[in-house]
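So that you can tell them apart, the chains are marked A, B, C, D, E and F in the order they are listed, and the count of residues begins at 1 in each.
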Amino acid sequence: MIYITRREQFNAAHRLYRDDFSDEQNRKVFGKCSNPNWHGHNYTLFVTVRGHVNPETGFLVNLKDLSRIIQEQVVEYIDHKNLNVEVPFMKGRLASTENLAKAIWEQLETPVKTLGAELHCVKIYETENNIVDYFGE
Amino acid sequence: MIYITRREQFNAAHRLYRDDFSDEQNRKVFGKCSNPNWHGHNYTLFVTVRGHVNPETGFLVNLKDLSRIIQEQVVEYIDHKNLNVEVPFMKGRLASTENLAKAIWEQLETPVKTLGAELHCVKIYETENNIVDYFGE
Amino acid sequence: MIYITRREQFNAAHRLYRDDFSDEQNRKVFGKCSNPNWHGHNYTLFVTVRGHVNPETGFLVNLKDLSRIIQEQVVEYIDHKNLNVEVPFMKGRLASTENLAKAIWEQLETPVKTLGAELHCVKIYETENNIVDYFGE
Amino acid sequence: MIYITRREQFNAAHRLYRDDFSDEQNRKVFGKCSNPNWHGHNYTLFVTVRGHVNPETGFLVNLKDLSRIIQEQVVEYIDHKNLNVEVPFMKGRLASTENLAKAIWEQLETPVKTLGAELHCVKIYETENNIVDYFGE
Amino acid sequence: MIYITRREQFNAAHRLYRDDFSDEQNRKVFGKCSNPNWHGHNYTLFVTVRGHVNPETGFLVNLKDLSRIIQEQVVEYIDHKNLNVEVPFMKGRLASTENLAKAIWEQLETPVKTLGAELHCVKIYETENNIVDYFGE
Amino acid sequence: MIYITRREQFNAAHRLYRDDFSDEQNRKVFGKCSNPNWHGHNYTLFVTVRGHVNPETGFLVNLKDLSRIIQEQVVEYIDHKNLNVEVPFMKGRLASTENLAKAIWEQLETPVKTLGAELHCVKIYETENNIVDYFGE
C-alpha cells in the first residue's frame, strides 16, 4: 500500500454567511469573512490516493492522470470563480473550507477509482495558517 | 544605509475588467481574471524601508511601528475586502497588482517618514508565481 | 469527521541539559544544544482538532476561537521566553521538542473540548529539518 | 508514543522506462520522464520514526543519530547519482518515486531499530507537486 | 517604472566537467557534481521584466504572455532534458547555473521586448541554498 | 557580472536591551524582545557575492568554498550561541538584526575577496516576517 499526493492550486472568491441571518448576525458569527462584497484566497489543494504499485510501471497512478482528473472535476469549476454563486457542487452549502473539502471529496471519489486507486485524503490550505483535512468519513 | 523588510498578508477579492469593454472584450484581454462574479487571492506584501541604524536602539525602525503603519494605512482597508468596490485608495484604478503596488506606495510613503526611514520597495506576491515590485519611480 | 489545523508561531530560548550531568556529560549527550548560554528557535506549531461540521456555520470550530485558545494557553507562556526557566508547564521537564509537544497537548486538550472538538495532533517544527508529532497517547 | 521526523535532501538523475519497451512505448507510458538522456530532481526526504521518549534525555532519538543513519544508508548512495544505473538498492527496480520510497524504507527499517525507535513513514517530495508516502505495508 | 516577475520551473539532468580534464581533475574541481552518470535538479526560475504600466489594462505585461514566452524560449528546451547534451542554447558551455542564467537571458532578451517591456533579471534557484542572479551585464 | 547567493542557517539566543536602561525602559523600547531570560531564533542568512564567471569552470565562485568561508567566519561563532554574551564580533553592539547584518558583512568582506569575488549583500531573515539587507554602505 502506497500513498501518492498531487498538489493543485486555485484562486477563488467567497463569503461566509447565512441568508437567514441579518448582516449583524453574520458579522457576529463569521466576522470579516462575511463581508457582503466578498473576499478571496489562493487555495492550495493536496489530493492523496492510495493503492498498490503497478509492477509494470512502478506507478500507483500516473500523476498526469490524477492531475487531469483534479483539473476536470474540481479546478475547472472553482478556479477564478465565486464559491458561493457559480460552483455547481457547492450549491446549497456554506462556503467554508470544511464544506469545500467534503464537496471536493465527492467530486473525486469515483473518478479516482477509474485509475485503480482509492481516494484517501483531501487537504486544503485556505491560508498558510488555516488547513482542513477530510478522509471521507 | 540598511534595508528592513516587513511581511504582511491580506486576503481580497478582485476582478480585472474595464467598464467600457464588453464582456467579450474583457474576457479577451483579461481572461478568467475578468470573471464578473469575482475571484480572490491571499496577497503577500513585503514593505522595505531604508535608512541609518539608530545607535541608541540598534534599530533602523522598530518593526512594530512599521507593522502598525502598514496595518493602519493598508491592511485595514483591503483585508477581506473587494479591491474593486470598497477600497478608497483603489478607486478609479484597474485592480491589477501593478496598480495595487503603486497605491500601497502612496499610502505608505509619508507615514514611513515619521519613523525616520524612507520607503524603498513595495513587493506583492499575488500568487507564488506572480510578483510585482515598485520602487516609487 | 473533519480535521482542522491552525498554525501559530513563537520564538524562544532553550538549552538541553541535565543538572545532574557534568558540563562534559551534557556536551557528550546533547552536543551544542547544551550550550550554557542558551540558544533559540523560531518554533512553528500546528494544532489539529477533529470533530463534526456544525451545519449552522459550516465550521468544525471557528478558527478564531481555536487561535485564541492556543494564544492564551500556549503562546503567551512561551513566546519570547526561555523554555527552561520561566514556562510553568515546562517546569521539571527537559526542554526537548518531544517534551514541549506533550506539554502543549496537556495545555490544549481540555480547552479544545469547550469548542466542541477533540484535540488530534500537536506538531512542532523546531527547524525546517526537525519535526515532532504527538497524538496524545 | 511520539513521532519524530528528520528532513534530508538529495539531488539525483533518473529516467522512467522499461528495457522491454520500444522508445515509442516508453514515451507513451512515461511521457517526458522517459527521456533517454535523463532528467533529475531535488528530492526532499522526510523520515518519521516513532517510539517512547527516553526520560533520561527527553529524546525519542537523538536527531543527529537519525540524520547520520539516513546519510549513511540512503543519501551517500543516491545524492548526485543516477538512480537507474549506480544505486545498489534500486537495482532491478523502475526508478519511480513509489519504488524509491519502498527501497529507502528497506534501507532504514533495521538501522532505525538500533536507535530504539521504529520506522513509521518515508515521505518523498519529487517536486513541490508530487509526493509519495510509504508506511511499510 | 514597475517590475514584474514570473516564476517557472523545470527539472533537468546535468554534470559539471571539462572534456579536457581527467576524471580525477574533474572530481577535484567539481566534486560530486562531476559524476559521469549525471545528477539533476528541480530548477526554479524567476524572470523579472520592467517598464511602464499600460493605462488601458493596468498591466506592465500580461503575465500569460510572459509565461508563454518563457515556456517557448526556455522551458520547452530544458524541462526533462539533459543540460549538457541536448539543449541547443547550452551547446559549448559548461552546465553551471551561472552559464545557464546567461543563456536564458539571451533566449529571453529579444522576445520580452515584443511585450513592450525590458528584461531586468534572470534568477535561478538550483537548490534552496544555491541561487544565481544575472542582470544582463 | 553575475551574482551568486548561498543560504546558511543558524539558531541563536539573544535579547534586545541597554545596560544603561532600567528594566522598565528596556520593556518600553524593546518590548518582549528585552526579556531578561533571553529568547531566540532560527536565523536564515543569504550571502550574495558578485564578479565575473571564470571561463575555466563556469563558476563565479565554487559554492563549497563560499559555504566554507561563511561557516568558518560566521556560523561557527554564532550557531547555538548567545549573540549578546559569547560572539566576539558582536561585542559592544546591541544584538539587533541590523547590527548582526553589519557584523557579518565585516566578517565576510575580506575572506570573500580571496575567492576572486566581491561581497554584495548580507540578508538575514530573523523570522519569516522580519528581514534585513545590508549592502556594505
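The rule is short, and it goes like this: contacts are C-beta pairs under 8 Å (C-beta built on N, C-alpha and C of every residue); 3 or more make two chains touch, one makes a residue touch a chain.
Here the structure is a predicted model, which means the values were calculated and not measured.
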Common touching chains of chain F and chain E
B
Spelling it out: a chain qualifies if it touches chain A and also touches chain F; which chains qualify?
B, C
Starting at chain C, how many touching-chain steps does it take at least to reach chain F?
1
Farthest chain from chain E, going by mean C-alpha coordinates, please.
C
With centres defined as the mean C-alpha position, give me the chain A-chain E separation in Å.
34
Suppose each chain is reduced to the average of its Cα coordinates; what separation in Å results between chain B and chain E?
29
Sequence positions of chain C contacting 2 or more other chains:
128
Could you please write down every pair of chains that are in touch?
A-B, A-C, A-D, B-E, B-F, C-D, C-F, D-E, E-F
Mind listing the chain A positions that touch chain B in their complex?
9, 11-14, 32-33, 35, 37-42, 79-82, 85-86, 127-128
Show which residues of chain E lie in contact with chain B when the two form their complex.
1-8, 46, 48, 53, 56-60, 62-64, 67
Mind listing the chain B positions that touch chain E in their complex?
16, 18, 29-31, 93-96, 98-99, 101-102, 128-135, 137
